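These are the structures in question, set out in turn.
In what follows, subunit A forms one complex with subunit B and a second complex with subunit C.
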Partner chain A sequence: MKKLVSTAFASLALFCMSTAALAAPPIKIGALFAVTGPASFLGEPERNTAQMVVDEINKAGGVKGRKLELITYDTGGDATKAVQLANKLVKNDQVVAIIGPSTTGDTMAVIPVVEKAQVPLISCSAGIKITEPVKKWVFKTAQNDTLAVARIYEQLKKEKKSKVAILTVSDSFGSSGREQLKALAKHFGIQIVSDDTYGPKDTDMTPQLTKIKSAKPDAIICWGTNPGPAVIARNAKQLGLAIPLYMSHGVSSKKFIELAGDAAEGIRLPSGKVLVADLLPKSDKQKGSLLAFIKDYQNHYRAEGDHFGGHAWDAMMLLKGAIERGGDTPAGIRNALEATRNFAGIGGVFSYSAKDHAGLTKDAFTLVEVRKKDWVLVK
Partner chain B sequence: MELLNQVTQFVISGLATGSIYALIGLSFAIIFNSTGIINFAQGEFVMLGGVLTIFSLNVLQLPLAAAIVVAVAVTTVIGILFERLAIRPLKNATPLALIIITIGMSILIRGVVMLLWGKDTQALPAFSGTDPITVAGATLLPQHLWIFGVTVMVIVGCRLFFNHTISGKAMRACSFNRRAANLVGISVGRMVLFSFVISAAVGSLAGVIIAPLTMTAYDVGVMLGLKGFCAAIMGGMGSGLGTVLGGLILGTLESLGAGLISSGYKDAIAFFILLLILFIRPQGLFKKGETERV
Partner chain C sequence: MRSDRIKFIVFALVVLLLPLPLSGGYLTNVLIFVGINGVLALGLNLLLGYAGQISLGQAAFFGLGAYGSGVLTTQFGFNPWVAMVVVALSVAVFAFALGFPVLRLKGHYLAMATLGVGVIANIAFNETVDLTGGPSGLSGIPNLAIGTLTFDSDLKNYYLVWCFALGMILLSLNLVNSRFGRALRAIHDSEVAARVMGVNARLMKVQVFTLSAVMSAIMGSLYCHVMTFISPTSFGFSFSVEILTMVVIGGLGSVYGSILGALLLTLLPEMLRTFQDYDIIVYGLLLVTMTIYMPGGLVEGIPALFRLIMPTKKGTEVGNA
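And then the complex of A and B:
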């Protein structure tokens, strides 16, 4: 009996030791987000979401039994700082992959660093030049502006409207949108009758709208992020414009409705599906992911998850899948990422390939309209 | 006719924006005149006006009028603290050093507001509805009338104060010659404090009345401050009416430029004209050249 007890203890001790030895160090993942500065409206929800996803994964036992460790740095939306921090992640922290940065400018600056160090990067910014041409180590989750433009033009074509006026903000988001609006117009048989811009800090856009009014367009498309578009919505109401107003996905959050107030009524915009998750049909492949993301975000932060946070959710989940299938080396993760097919995330259904590191189609966007201070789907 | 209506709209929009520039320009000029420094935290007073009103309205649940009074009062107290803690202790500092201190102060105020109230843009409800009013083929909002009204009141108030009260005259005396003012028994220190009080109050009032139109956030002060500074320069950094006209001209030019020429060059047009004025009439549009007495 005594012998049995001692053997039991010995084996128990041995078991404990062995599990301690087996618990491998966590897998280190780097994250670069613009948590402060002008792009903080992107960076903050992204950082929150990434941390939330990592916590959830670890709570559920990690990836193949190994915990994840997220090392987050704040770029402040400054490309120089982003490069320094990317170097730090690669050299000092020795991460196996990086998610972020939040803005196209930061991402473009960081690309040479990760290409040289051969570490996969999943960017959360939208600029088309990030993945065109394809770079071996760079992927992205945010939808291309082209897809949003295509979604609006498709609707206009359906309604047989061909003359549009565009009003874009004079920063990188607006000028990228302006380029795509002009580039795709011909393909959809759209004629741009007026092309105006406004400054990101401008407080009155009635001059531009007065000019647009006299050009008599069938629709106005405005490309910007808060608060500009809200000012434009109010100005349009002031001038009594009866022309349909389309916004970009840059304002697809409740904040826009709050800022524009009554003037938001009837405004349409292309948006990621996260805004209207509960309105989607059951057959929608993304519905499960969307509802899970919204519920988790609500539990963690007592706030509504938006599609910016969704970019980080997608990046983390894609990475998790890639580590499960490809192992914990940068090269293994990269190859597994490139082989990802039909991953239904927040931003859309991702299918990466050797020729496509953006992975989405225009179905990633759905057109919504503001009615009674809430979103409805445009049929 | 169509063009005429358009131009009317441009001018009305421009005058509304210009009134704000004028108010901010005026508050720049008030401090400059009594201290010889340019207070680059002026834009932050404007921002505080809007942000504090929204805070009093939403969090403290005060009625709108009380919220505005609280916001202007708190900003004025901040102006006083600013002068007492950062400007006065430096007895023999050069104007350049003081200007750099004001830049530091503006960064500090912006940072504190960001930490306390976050980075989101917020809107203040309009004082009297949002139904547009049609005037000569152009439209404006009731809020624009508030802006015009308050601007006129502040200008008249400043004029009365500076020309017809002992304190106002004493402040002007300081601006002409501090040493002489001191010799005739004017407390220069008190006048400097006074100028901060008036300037913070005017700046924050400007912030309050535009918040329903343009919305507000921790960082709106930078651009508004810059435009107000331009207005003050155009007016020659002193004469009250000159600054007001400077602001109105700047606003109208911006609006006409955006509407008739190109919206992309809107700011460029305004700043180009500012440069022209600085080259041709460095003393400002409406100021007679100063004669230096030996």
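And then the complex of A and C:
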């Protein structure tokens, strides 16, 4: 009898301990995305993807036996709100790391907050200012615009085209692109013969295109996000321009082909590999991650995963790896993040270092062309 | 008059003691923005609620203050306090010069003209990339400092912003109860009658327009030093409309109403986060309900609500007896 009681006690104690282990508090991760407002085309897939990744990780047993909890707030693309919400994540929710925000402006605004609170931030926006100069607590997953520019210029050089006209949108994406287009031109022996901008809400770009036509460039490079570039594609077709048209990675989703219709035919753009995942050779390191992401996204949301969602996928997976290796403290995660090497994600193969918190090379981009309403690789 | 003074002292005490139970948490941060938005709403209320002149370009003056201070301190190495004074004075001159032609207009035309000013300012912030950093914003703005005291925490910034705010509230309270304030209300009721009575309506409208612009600009300077980063999206047309909403929801022609409106509109989205994706719908519904059932704004609506509840209680008691 005594033995029975003691076994019962022992098993009860064991049971209690095991439930205590099971009930270990989840690791809190913050997320800031512009789910509403003008940048919602970035924020929504990012939010969906981040939630999806967390659900999948938890379903598979969490990270080192502990579940993750994702706390997402919507910045609406407003810098003031982003700062307030970053404060909320850090002070009230006490998260160990933050992913997002979606736009460069929001990211620049929250950097002082995370630097002071010493919480790692993995931004999903592309602006080069975010990681140059390197900030101790700030990383990013979206490819630098420089890499996309370099990819286009490389192709032009190969085809011996040297005179280009650039047409950029007057928002943070466009102005960053314009800066890089001008900065890199010399290096590739490219001459910019015409430099124009258009407003994010403009509905007719014929005047700019007419001006460009008279400058007789070998190629036009347009830098913007939907719907502007689609309007430009249509206008160019109406004007009968026979000049090759290059777009930025800002429109690398099926949505652009839908918006531009027939006018999209023949347009080229640098893109993350997610668009052409199934066309990639088996030797490509990213292929596994890409196909997994596309399949999961299809299962969860019955929609095609795009490379914006991919930024959030990369951020979450980098974070997961960092927690596995560095523990659940902000400092541990930061150090482990910085030590990440050769992580094949959606945006490219990431290798962070103390001097590089962007972690990608120009191989992150492939050049694609629109043919018959679908993408093909440009060789 | 004495009750006004007591009201202000009570209000100031509440403001000064409020952060203590919050112990530097996230709400302190939100309350900094309540202070900034409150003064912006107050500035517009002086113009709209008292003098009856609408402006849809308040965000432009706020932005001029922010960008003025931001650019002068980061690009030209000005001391932040000097920059603030320089910017406030320049905005005063600019608003005064602008006021004369613009305020000749009335009603919708005035709304359109001020809206135009707002849009032009926003385009200027966006396009002067070399100076303002353009759409990707201006970073690295220093915090304000007095001697060795640097305003680098939420709590310090809270007291900094609210000291300015309390000063401007006191100024506005004195102003609206002065001869000037009475003349403004006369202009609001009938500009012709006011002129007949010897009020220089044209000059006074420009003066109050300038005052509201300067108040906004000073808040802009504070905003940029609190945030240490600014981008044009914070100073767009939608923000002008938000300030207008604060004034209308708070109560036209009420100093405290502006602060109440700013408090509600800044805190409400935070409280509604529990609704997640539906927060915008709830937010909209609440605003619509308030404008329908509290046309005088919160300052009149809340006491009215109170009276509505109290007598019914008494009524039922009487009925029972």
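What we mean here is this: the second predicted complex is superposed on the first by the 359 of 379 C-alpha atoms of A that agree within 3 Å, B and C clash if a C-alpha of one lies under 4 Å from a C-alpha of the other, contacts with A are read in each partner's own complex, and residues count from 1 in each chain.
Quick note on the criterion: contacts are C-beta pairs under 8 Å (C-beta built on N, C-alpha and C of every residue); 3 or more make two chains touch, one makes a residue touch a chain.
Bear in mind that the values here come from a model prediction, so they are computed numbers and not experimental data.
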Three-chain arrangement built on subunit A, subunit B and subunit C clash or fit: fit
Following superposition on chain A: angle at subunit A, subunit B versus subunit C, Cα, nearest 10°: 50
Which superposed partner A:306 touches (first subunit B, second subunit C, both, neither): neither
Partner chain(s) touched by A:196 [first = subunit B, second = subunit C, both, neither]: first
Which of subunit B and subunit C A:111 touches, first, second, both or neither: second
Touching partner for A:231 - first (subunit B), second (subunit C), both, neither: first
Contacts of A:261 with subunit B and subunit C, given as first, second, both or neither: first
Partner chain in contact with A:170 - subunit B first, subunit C second, else both or neither: both
Closest Cα approach, subunit C to subunit B, once both complexes are overlaid on chain A (Å): 6
Doubly contacted residues of subunit A, that is, touched by subunit B and again by subunit C: 170
Subunit A residues within the subunit B interface of the complex: 38, 40-41, 44, 170, 196-199, 201-204, 206-208, 210-211, 214, 226-227, 230-231, 234, 237-240, 255, 258-259, 261-263
Residues of subunit A touching subunit C in the complex: 35-36, 73, 77-81, 83-84, 87-88, 90-92, 104-105, 108-109, 111-112, 116, 127, 129, 170-176
Partner subunit A, residues of subunit C touching it in the complex: 24-26, 29-30, 33, 126-127, 129, 134-137, 139, 152, 154, 227-231, 233-234, 269-270, 273, 277, 280
Residue ranges of subunit B in contact with subunit A within the complex: 2, 6, 9-10, 13-14, 16-17, 20, 119-123, 130, 132, 139-141, 210, 213-215, 217, 219-220, 222-224, 255-256, 258-259, 263-264, 266-267
